[in-house]
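Okay, got some structures for you below.
Each of the two complexes below includes subunit A, the first together with subunit B, the second together with subunit C.
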Partner chain A sequence: MAAAASAAAAAGAIDMADKDVKIGAALAAATCSLLGVAPSVSAAAEAESKWDIDSAFLYYGESDGRVKDFSVSSHATRDFGDQRKLGLDLSVDSLTGASPNGAIASDGAQTFTSPSGRETYTTPAGEIPLDDTFLDTRFALAGNWSQPLARLYTVNAGLGFSSEYDYQHIGTNFGLTRDFNQRNTTLSAALAYAQDTIKPVGGLPLPLAQMPDAVDDDDDDDMSPANRGDASDTKNVLDVLLGFTQVLGRHTILRVNFSYSDASGYLTDPYKILSVVDPVTGELIGRTPAPGESGPTGVYRFESRPDSRRKEGVYAEMRHDFSGKVLQVGYRYSTDDWEVDSHTLESRLRLPFGGSNYLEPHVRYYQQTAASFYRYSLANTAPLPEFASADARLADMSAATVGLKFGHVTAGGNEWNARLEFYRQMAEAPNEFLIGSQPGNTQMPDFDAVILQFGYRFKL
Partner chain B sequence: MGGPCEVLAEIADEVTARKVVEAVAACAWRIELKFSRYRPDNIVARINASAGAPVEVDEETANLLDFAALIHRLSDGMFDITSGVLRRAWTFDGNDRIPTSAEIDALLPLVGWSKVQWASPVLTLRPGMQIDFGGIGKEYAVDQSIKLAALASDAAVLVNFGGDLAITRARDGNRPWRVGIEGIDASDPRASTLVDLAAGALATSGDTYRYVESERGRLSHILDPRNGRPVSGAPRSVTVAAPTCTNAGMLTTLAMLRGSEAETFLESEGVRHWVQRILPVARA
Partner chain C sequence: MRKLILLATVCIALQGCATPGVQPWEREVLARDDMQLDANALDTAFDDHIYFSKEGTSGGRGFGGGGCGCN
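Let's turn to the complex of A and B:
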């Protein structure tokens, strides 16, 4: 029986072989029609794209003609296979506009010597003084290499550089990550070290020294502005980051970071000043420039900050995928030895729609306490403190951001996106920082800003 | 899917990786639930319980039936999704029970695609006939899954359902995926063959675990539906590389059905293939 059956089967096979009909093409066509795919993976589609480039144009504009920033940036990644990746960042920023110099508003017009020490500018009565000589172009370049070290380890190292006319930055970073628990847990450690050089126009102001008259360019060419020290100084920053990422179930990821930052050196803002006020009225002390000179019409002192700052922070972020809609909620707490404690709450929700688009609402709230040496102004009778700054960024401050991003993925896999955000910053000077009759009469340099960004991500 | 299912992917971030794996898992489960002949509540169960009544099927099932009909024609009736009832006589679990000729012949009236009426979307079987997508389902699931994986991410992804596998693209750096074809002697890892795959799919058909022992040796589980008997001289294992897993799977099945002519068939089709045999081809 079995022999007969085999013979029949073999005969059938031979019959078919004799026909020598190739069924490959018909089979391939039938398969494609079944699966609804193009007949084969074309060589073109297989062509290796070398670079993945994320480029963006960003506009940031503050209200009342303050700072405007136009920035063009590009982040390029090249994949060399085996998870070896090179990342390159390039950005150019152009900053224009005016920025608060730290002085308080006054009933009369106020004249200031500009940061160069060679000119003056005047603020109308009742307005927060803004230094409108603010203008800068910043150029930044960074490179980063990452690769696996052993089976579960990845190592990365990078170098960064940026330059402005009065500020140079060079930094290096090194990081190591290790996966555990079938790659459901990742621990990472990173170390970054930066050295910055600050070279303000006109030289470094002496701490808490009084703003002098402007140096007359015409007859004092070689003369430096008064109350200035060295031409430049440096600042070193060491950052340590320990990270923990855990996959929590099928749709959720938790990330927790601990950060430590130690900055030392010149941490003062050389362009920020404080108003010196009467201890009773809280009003600016008037001043008259020397005969024949132009200069400040009030008493102002350059600010002074400690030469070290140690910050610790913890950041926790949870991401959850609600069947395609991804919610991201993050919270950061940071504290430092300047007594600036801050809380940040941030959330994004990514909503895909129409197959190739997404909308992403974004909200962020930030709140901080004032630095121990923050002052709204200085009383002229009190002994000078060792450190003082009227920079609103060191005040009791809160900021809120709301925004929306729209992204579209093209048929070729490229993505373009647009983001519009509104930012509001509100600072406060609690009574402990106020002098004489200032309480109830303060005016903080609050502002709104709008952020508009266009991005395009493509392969090259 | 009658075997371990795995997804390999070159993805750094976990969100994307999850997305890919979940898309594949959802697809595999969907197809398993819809087309498995072991489920009491799906379209296959409804067709097999129809007892001669016409059954209207959904579009996806209709596409699979069209495909099965076409392969039946291309293979001169050797590939037949109605051949499953022959398993009532043949139990390929390694035993030595060989059915009698009468047992087999009694089943043959219930076997043969030419005996069904298929006018898409209505299928009418003769009473007692059954269909089984076992010969297509797994490869089809691999292809549908890899499509979803490619939609979810542009990363390099490999989907492997019990040895039938497909990739979205070459690995990062344009390196091929290296896939091992298990040797027919599974206890000897050196016997496995390494295959570089830069695009497309691989499918394997074999009798490593499914056979009947007879005095003539091991009989393959590949049955010729035209006579209800095992194909003679079938290789122990056939692996084919093709643009899609369904395509590759059909070629391995058709090669197996050619028995001792498997290699000849694959050569003439001009596809990359790997055929494993233990004994010299026994000619009838």
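Let's turn to the complex of A and C:
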């Protein structure tokens, strides 16, 4: 309905357009045909519009009552002519649900102190513990400006901010591109620097310290939870990207990126813990809260990650046109000094039909190796390692996505689309990390998720 | 013989310089919206944020939007 109204409005606007615009549109159409370039949307509408806006609503929902995310995002571009462009991105995320806390399933019910340190939550026997106490809203805003610097050179610079309850991000980026070989080859270099501030609920847990009893609010409101350090810490990330784009023929274009990323500072996840287990049976060591207090019924330790991470990666993407159908294939290899190596293979095939519609199947496969400090759990007799995390995102893991997108282009050149995708993640604890008789692989927090997106692209 | 080798070398060198590409008037397909490398910008931004929050590695395509991704 909105699309039809908008199309009618666009058509009305074209009718009312003055002579200059009509002449401009005719000139643009003539230029396009002279250059052999097909105008992609109504030339008249393009001559009038100043902003090109791509907006979408996204729902992401995991199985078993885990994370749910509602997100609204918009990407606006304004062309000021002479290849000078302003890009603005705005998004709002609302996150609810439950997330695995890193502890293993146990034969008995398990009680944990919540991240705030002031409450407890309990997981039934035999289930993978999920922390359902989080609720977050994230706002993100970014702006980017690009313009020619000299013949064949383009420069771009941008700023970005994002804010959520316990996390702030500020980042800047700068890039330069140069065209070669009749603009068939483009080389680019870009730098980005970000400074993030982490302010976890209840303060930063001390690395590998035990999860303490909950602080009873009734006793003393000012009392801080035990085993916590400073209220906040920072993380700095430097990214370098070298890009190479090559036209391979009338129907094919290739892009290859080499990336380097150096993160330093607080890289630990303050909400993740590890179960401390018996070295022979592999079962959780029990614990009794202090008299009159509520708290964990097992021994758990907060995780600890190194304070630096260096990543290198290569990303290649190719687009090929088969008489109107467009195949996109992408591959990424990433390796880092945490020993997480990953391969990602992704493909989309755009199939136009009926003159103004398209279907776009999408598949993606991801596979990674475990971080060197990944642990399924910690044995209680061994000396504590310097770093340990039971986060499944750092385990041996593979994931697959399949999806389908449908799009419809209106008479006014606007587009609405819908996308439905399914994501499945399967993690493994390598055998060397299992202690005693732990049945690691059957007890990983695997999940399925559904991604549903509605989008509308229009001109203003 | 030396002239032949020189000629072969020059030919090979010229061949090496002939990088693939098209003339400006052969770009009608490449100019289409659906052939642009950032044609799915919003989808890939959503995807990058989801996978950044759920997997051990991220990035590579461009620069991310930032965020905790803790959950």
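Quick note on the criterion: the second predicted complex is superposed on the first by the 409 of 460 C-alpha atoms of A that agree within 3 Å, B and C clash if a C-alpha of one lies under 4 Å from a C-alpha of the other, contacts with A are read in each partner's own complex, and residues count from 1 in each chain.
Operating definition for what follows: contacts are C-beta pairs under 8 Å (C-beta built on N, C-alpha and C of every residue); 3 or more make two chains touch, one makes a residue touch a chain.
Everything numeric here is computed off the predicted structure, so don't read it as measured data.
S.K.: Which holds for A:250: it touches subunit B only (first), subunit C only (second), both, or neither?
M.R.: both
S.K.: Of the partners subunit B and subunit C, which touch A:241 in the superposed model: first, second, both, neither?
M.R.: Second partner only, subunit C.
S.K.: Based on the superposed arrangement, let me know which partner A:232 touches: subunit B (first), subunit C (second), both, or neither?
M.R.: neither
S.K.: After the superposition on A, what does A:79 contact: first (subunit B), second (subunit C), both or neither?
M.R.: So A:79 only meets subunit B here.
S.K.: Which partner chains sit in contact with A:321 here, subunit B, subunit C, both or neither? Use first/second/both/neither.
M.R.: both
S.K.: Quick check on the superposed pair: does A:120 touch subunit B, subunit C, both, or neither? Answer first, second, both or neither.
M.R.: After superposition on chain A, A:120 lies in contact with neither partner.
S.K.: Is A:196 contacted by the first partner subunit B, the second partner subunit C, both or neither?
M.R.: In the superposition, A:196 contacts subunit C only.
S.K.: With both structures fitted on chain A, tell me whether subunit B or subunit C touches more of subunit A's residues.
M.R.: Greater contact footprint in residues on subunit A: C.
S.K.: Show me the subunit A residues, by the header's touch rule, that subunit B contacts in one structure and subunit C contacts in the other.
M.R.: Residues 35, 37, 40, 245, 247, 250-251, 253, 319, 321, 326, which sit in both footprints.
S.K.: Residues of subunit B touching subunit A in their complex?
M.R.: Subunit B residues touching subunit A: 10, 12, 14-15, 18-19, 22, 63-64, 66-67, 70-71, 74-76, 78, 98, 100-101, 140, 143-144, 147, 154, 169-175, 198-200, 214, 216, 219, 224, 226-227, 229-233, 242-244, 246-247, 250-251, 254, 257-261, 264-265, 268-271, 283-284.
S.K.: Could you please specify the touching residues of subunit A with respect to subunit C in the complex?
M.R.: My answer: residues 35-38, 40, 54-56, 58, 60, 67, 69, 71, 73, 75, 89, 91, 93, 95, 97, 99, 134, 136, 138, 140, 142, 160-162, 164, 166-167, 169-171, 173, 181-185, 190, 192, 194, 196, 198, 239, 241, 245-251, 253, 255, 257, 259, 261, 269-271, 311, 313-315, 317, 319, 321, 326, 330, 332, 334, 336, 340, 342, 344, 348, 350, 358, 364, 366, 368, 371, 393-394, 397, 399, 405, 419, 423, 425, 451, 453, 455.
S.K.: Okay, in this complex, where on subunit C does subunit A touch?
M.R.: It comes out as residues 19-35, 37, 40-43, 45-47, 49-51, 54-57, 59-63, 65-68, 70-71.
S.K.: Which bits of subunit A are touching subunit B when the two form their complex?
M.R.: For this pair, the touching residues of subunit A are 1-3, 5-10, 12-17, 20, 22-24, 26-28, 30-35, 37, 39-41, 46, 48, 79-84, 245, 247, 250-251, 253, 319, 321, 326, 413.
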